[in-house]
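Per-chain numbering from 1; labels A, B, C, D, E and F assigned in written order.
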Amino acid sequence: MRPNPLLDSIRSRQVAVGVWLSTPSSVTAEVAGRVGFDYACVDMQHGLIDYSDAVPMLQALTLGGATPTVRVPWNEPGIIGKVLDAGAMAVIVPMVNTAEDAAAAMASGKYAPQGSRSSGPIRVAPVEGPEYADVANDHVQIIPMVETVEAVSNIDAILTTPGVEAIYVGPADLAVSMGLKRGTDDPSFFENLAHIVAKCEEHGVTPGIHCFPHTIEGQLDRGFRMVTAQSDLGAMTAALTGVLSHARGESIDADNSSGY
Amino acid sequence: MRPNPLLDSIRSRQVAVGVWLSTPSSVTAEVAGRVGFDYACVDMQHGLIDYSDAVPMLQALTLGGATPTVRVPWNEPGIIGKVLDAGAMAVIVPMVNTAEDAAAAMASGKYAPQGSRSSGPIRVAPVEGPEYADVANDHVQIIPMVETVEAVSNIDAILTTPGVEAIYVGPADLAVSMGLKRGTDDPSFFENLAHIVAKCEEHGVTPGIHCFPHTIEGQLDRGFRMVTAQSDLGAMTAALTGVLSHARGESIDADNSSGY
Amino acid sequence: MRPNPLLDSIRSRQVAVGVWLSTPSSVTAEVAGRVGFDYACVDMQHGLIDYSDAVPMLQALTLGGATPTVRVPWNEPGIIGKVLDAGAMAVIVPMVNTAEDAAAAMASGKYAPQGSRSSGPIRVAPVEGPEYADVANDHVQIIPMVETVEAVSNIDAILTTPGVEAIYVGPADLAVSMGLKRGTDDPSFFENLAHIVAKCEEHGVTPGIHCFPHTIEGQLDRGFRMVTAQSDLGAMTAALTGVLSHARGESIDADNSSGY
Amino acid sequence: MRPNPLLDSIRSRQVAVGVWLSTPSSVTAEVAGRVGFDYACVDMQHGLIDYSDAVPMLQALTLGGATPTVRVPWNEPGIIGKVLDAGAMAVIVPMVNTAEDAAAAMASGKYAPQGSRSSGPIRVAPVEGPEYADVANDHVQIIPMVETVEAVSNIDAILTTPGVEAIYVGPADLAVSMGLKRGTDDPSFFENLAHIVAKCEEHGVTPGIHCFPHTIEGQLDRGFRMVTAQSDLGAMTAALTGVLSHARGESIDADNSSGY
Amino acid sequence: MRPNPLLDSIRSRQVAVGVWLSTPSSVTAEVAGRVGFDYACVDMQHGLIDYSDAVPMLQALTLGGATPTVRVPWNEPGIIGKVLDAGAMAVIVPMVNTAEDAAAAMASGKYAPQGSRSSGPIRVAPVEGPEYADVANDHVQIIPMVETVEAVSNIDAILTTPGVEAIYVGPADLAVSMGLKRGTDDPSFFENLAHIVAKCEEHGVTPGIHCFPHTIEGQLDRGFRMVTAQSDLGAMTAALTGVLSHARGESIDADNSSGY
Amino acid sequence: MRPNPLLDSIRSRQVAVGVWLSTPSSVTAEVAGRVGFDYACVDMQHGLIDYSDAVPMLQALTLGGATPTVRVPWNEPGIIGKVLDAGAMAVIVPMVNTAEDAAAAMASGKYAPQGSRSSGPIRVAPVEGPEYADVANDHVQIIPMVETVEAVSNIDAILTTPGVEAIYVGPADLAVSMGLKRGTDDPSFFENLAHIVAKCEEHGVTPGIHCFPHTIEGQLDRGFRMVTAQSDLGAMTAALTGVLSHARGESIDADNSSGY
């Protein structure tokens, strides 16, 4: 098996820093994948990416060192199986709100007897090596997203679902689900984050969260150990905005990481 | 927010005329989108179009004035969320046969607390403007298709599902579901259409229907106020057939809008 | 309707030999489709193929004589309808484990009253001919995969589901589901295959199975009558490996049909 | 060899009517190719089409009866060879202004000893049949465009260049080259057209010309025998404009075939 | 005609700041195009972009305010015409070393009588407006690259070629051509730049140059008035490198704008 | 710099065995690239491949060990520069018939002062390493095709053009150019091959040739040291034809390497 920094971080309780890919391009994937992140996540949910875009992106990610990761559009066995066969070693599954949701996600990503993933690792086996079929159930990370109040209320059941080694918080959805605005700084929101981290520690699960450049430090302080630092489009926009202002001789607002 | 002729028509009880896109091409989308229709619908169900085709088509539709609309392949939250994030301001959802189906469609398209759409309006927010997150639940139209006898039998429940402001009739499926042929002129079929329009009026919902050039007048007379006039491929085929016959000096059958 | 060798084989109880397409390319599809197989299956489950790739592949397959066939990623009505509209005359549906699964697959592929397929045969009707709408329910083959111990335990119910004329065994998944290795030669595995064939004969259903070049003879002897002989990538790899060794003056291991 | 209506028309001095393809899509190509035209021309010069788009379009055109034709972007051997290998049986070459230009175009499209086309008919030979290599030099039509005053002044030399059996007039470029407007009705323009036709007749060459629906009759009367009737986008736009006006209850200007 | 900031800058002798697009994606093009630059250049020479990628990129650029610009791979009439028809309002032409090269570039981009561009503005005319054909020769900017010692030696002839209103310096190629390294700070290099600027001023031509964020200030000081500030990939890489180091608690080298 | 088996073979006078890629797919490229060949050539001349297809293919080839090689459509500086920037370490240039042709090909592929390649190694430099700019002129192989009688008559001049370290014979074109059939076994043809090999030995240039599985042994015996063994499509067709016959119980004609 190839090096897998995300898996190593999860197993060794180290921090994993990731990059988010929203652009349907093998070019941006190769470039971002070479920067040095621990994982690179092809976002098929909110990114502008479908499976036919994801295949050459996963090929391009194999050229770099980051763990090839995919966020699927929804908790469905068809697409989870497809991205694993195409090369993903970790799959982030949105909207896992109950123990049943978590068990379904795990079943989609693990071969029998742990699950019901269908056998056909067409690209991932040649890439990862002949031992893939034997170790896939142990190595592949199926990572539920905890991003609603319902999920928080079921947090123990989700975290103790067999196979769960990491979860990933979607802060925007969690805020909206709590009746707050995206980007809120309401104390109840941060209490929920702290609660999730504490529960993860209790159950030996790695807490992950989606960040922006200006939120990453706080989330690391809060105890998250799988942090996505920035997206391809967010990075490009921030840097282009900065250099344009520089060229025009303006002062700029340094952080425009939101938006696209 | 950008101009939204379909929304304006629905809210003002005016007629909206639309064009149907079955070709997976940003070129045909741009051209059709400039003709002057109120909405342009990317058909991901029966059109030869998938999400990776739909993204540049939605970009191209932004260049014209028609409301960017998508018919999704099925009533599933993953794809409904994806097309909304990519720029659709209206989503037509096939095979909504029960109140539960209608509620599920609405949930997929509305943020909490009205629904469970996940937050990540990656393209639509920059395009529509900074107020998008605040007004999306009000502006985005999730339009159930009423196209089976089961749906007609549940018409009150569907029309009164919170969030339903328009429905869209699929006449071919409705006919088949009634045991009739596509293109039927059986009186029971037209009675069903009249019944649907009457129920829409009763509940203040805009009745929409899929048309061909030769059926649009009748459907307008029947009271439908959201009418798709023609598809890209139907238009091209009709015009090419006509000009070929003209070139060969033949008389032609003017309407061959069926088929592709 | 165009010639349909797979349908003819099923109806006449002759052997159908097929080719498997894992490459998202209309070029490989056209070339493989011209070789002379009875069916050519676009594998959207484990192949690296999505719907937007499948459309030009189905166009290319129309150029050859093999029945255009698609394996869908999962037992879902949206994608089953889409591939049928785009030209598939047979659909292989994975992981059909119960009578309910089988009935759902049939419903997705048949128009009312036999099922609930939505009407819109945008490409398949022009290709197959004006009688398509009338004969589709009779001609289109929806072929459940029998590939788990659960499916074997429900074999009578699956085989007697109205509309089932052929089933397709996935030997790798069946082995894994039995707690065995892929490629097993455990006697209990072959007993299960024999049991499936016997049940198919009992119910007048064609037994199909996924093969490799070195397994096809055994499966024909076992009574399977729909056999996939090889994949595009497997064929290419085997031949390239052979010719490279030949060029280097080495002796080679003739069969490396597994892998990609 | 497959049927070749354009070649038959040229050799038998009959009128060939063609359709123009400006959209980079195998879907529009298949649909337009089935309408019944004698040739279908993939326009790589002014159409929004590159070679990677043209390959699946040529595959799709093989499904219909029209002679697969390509207009290349410029008079260059690389692209002329590529489109011939991919399946074109006729190539329209823009801006052939001199005998040298005409000879270069012929050389690019004919094998030695008539020319210097490189051997590698990767798709066209399997499609057209095993005799392709033997008959290609005779069957393949390389059609120079006559579209400048310089070309008209060299018309005898162009028409007598070995291999030239048809030429194709670009009326917009010819008008501009004469210092007139596109769509001019200046008598000198029509005199030039008549002169070209007369010279073609003198040298036994088929005169072709790019038309619109409203110009085709006049050009046939003028003696042109290879007439392109309409484009995919022009047809679509005209029909959609008409049906929209009809739906809005407006009277319309029937011909808007110009533009896109 | 739509707003054209690059043209306005050239005509008014103001500074135009541009962004460079090396990624074959309509998504990055739309995002970069909205940032606020005066022009956005699709780089078909060194970027990983071909014409079929450029079409949806030009559609996406129409959504923003920057002048749609293309650098073609080489000084060839076919591709210059194609990108103009698809929507480019400015074309940067590499390796213009002589007056003949400059005249050829101008001819490729201007209609008769100024040049020999073929008429067929399939997308650009609908986008820019009905007056396009009349004003194209005046508005379209064909911008020669001055990037070799040979070009510098012919600078007067190039700058006085009719139609030249701006030139664009490629500093890497100019350095290599001088026998220096890319990124050189040899005084002779800067003397050449100053010489080019002075000659531009003498002939009333806008001097442009390719920059990086750290060179833009110097080039503006030197008198260049058309400056490309950064590329999509350079921006993304710089920002991702910075945020990764930040996340890992490292200090970083702020400018890594070179590379990809 | 990454390992470069083709360069090593040329410099060490060992045999290099290659694979030919005619399919526009990153999937077949990755699979073929892993088989173990010394070079893998993306054929943009006769293969069905354009630059936008070649980019993800070159990314995929980076995953294997074979030297990424491209045959360009024609001897033109634009496309030679583009494929080098995208990752090719060797470029095969068709129809090099004179010393001038050879010098032009070399100029297109080498930076000043050896040539006039433009600087912008956007993908190849990050892939190959920071020393790329310094060593490119030495490492990059520009390989002229010798495939006409004219080229044979100029063989000394071609082989002694500075930069030529290997040439590549196209046997089909050479035969046609000699007035013979493709696949000829005329003695004069083999005499020409022997003459080319002898001249290569005299000038210290590696002789290469395009082979089929049944011709490779003879060409190695004849002294060629760069031999392409088979293509992706040829391999797939041969293996599929064999396995189909095997499945049908037929004997087969083992070699059908011609065609596609």
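Keep in mind that, in the parts below, a contact is a pair of C-beta atoms (placed from the backbone, for glycine too) under 8 Å apart; a residue touches a chain by one contact, two chains touch by 3 or more.
Small disclaimer: the values here were computed from a predicted structure and weren't measured.
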item	value
Chains in simultaneous contact with subunit C and subunit D	B, F
Chain pair repeating B-E, as identified from B-C, C-D or E-F when over half of the contact pairs by residue number coincide	C-D
Subunit A on subunit F, rotation in degrees - Cα superposition, rounded to nearest 5	180
Whole-Å gap between the CA centroids of subunit B and subunit F	52
Mean-CA-position distance for subunit E and subunit A (Å)	38
Per-residue multi-chain contacts in subunit E, two or more chains	22, 24, 27, 31, 48, 50, 52, 55, 76, 79, 123, 126, 233, 260
Contact graph of the chains (line, ring, star, complete, other)	other
Chains that touch, pairwise	A-B, A-C, A-E, A-F, B-C, B-D, B-E, C-D, C-F, D-E, D-F, E-F
Touch list for subunit D against partner subunit F, complex	50-52, 55, 76-79, 81-82, 85-86, 111-113, 116, 118-123, 125-126, 133
Residue numbers on subunit B that touch subunit C, as the complex places them	22, 24, 45-50, 52-53, 72-74, 76, 79, 94-95, 147-148, 170, 172-173, 176-177, 179, 182, 233, 259-260
Footprint of subunit D on subunit C - complex, ascending	26-27, 30-31, 34, 55-56, 59-60, 62-63, 123, 126-127
Residues of subunit F that touch subunit C when the two form their complex	17, 19, 22-25, 27-28, 31-32, 35-37, 48, 213, 216-217, 220, 227, 229-230, 232-241, 243-244, 246-248, 260
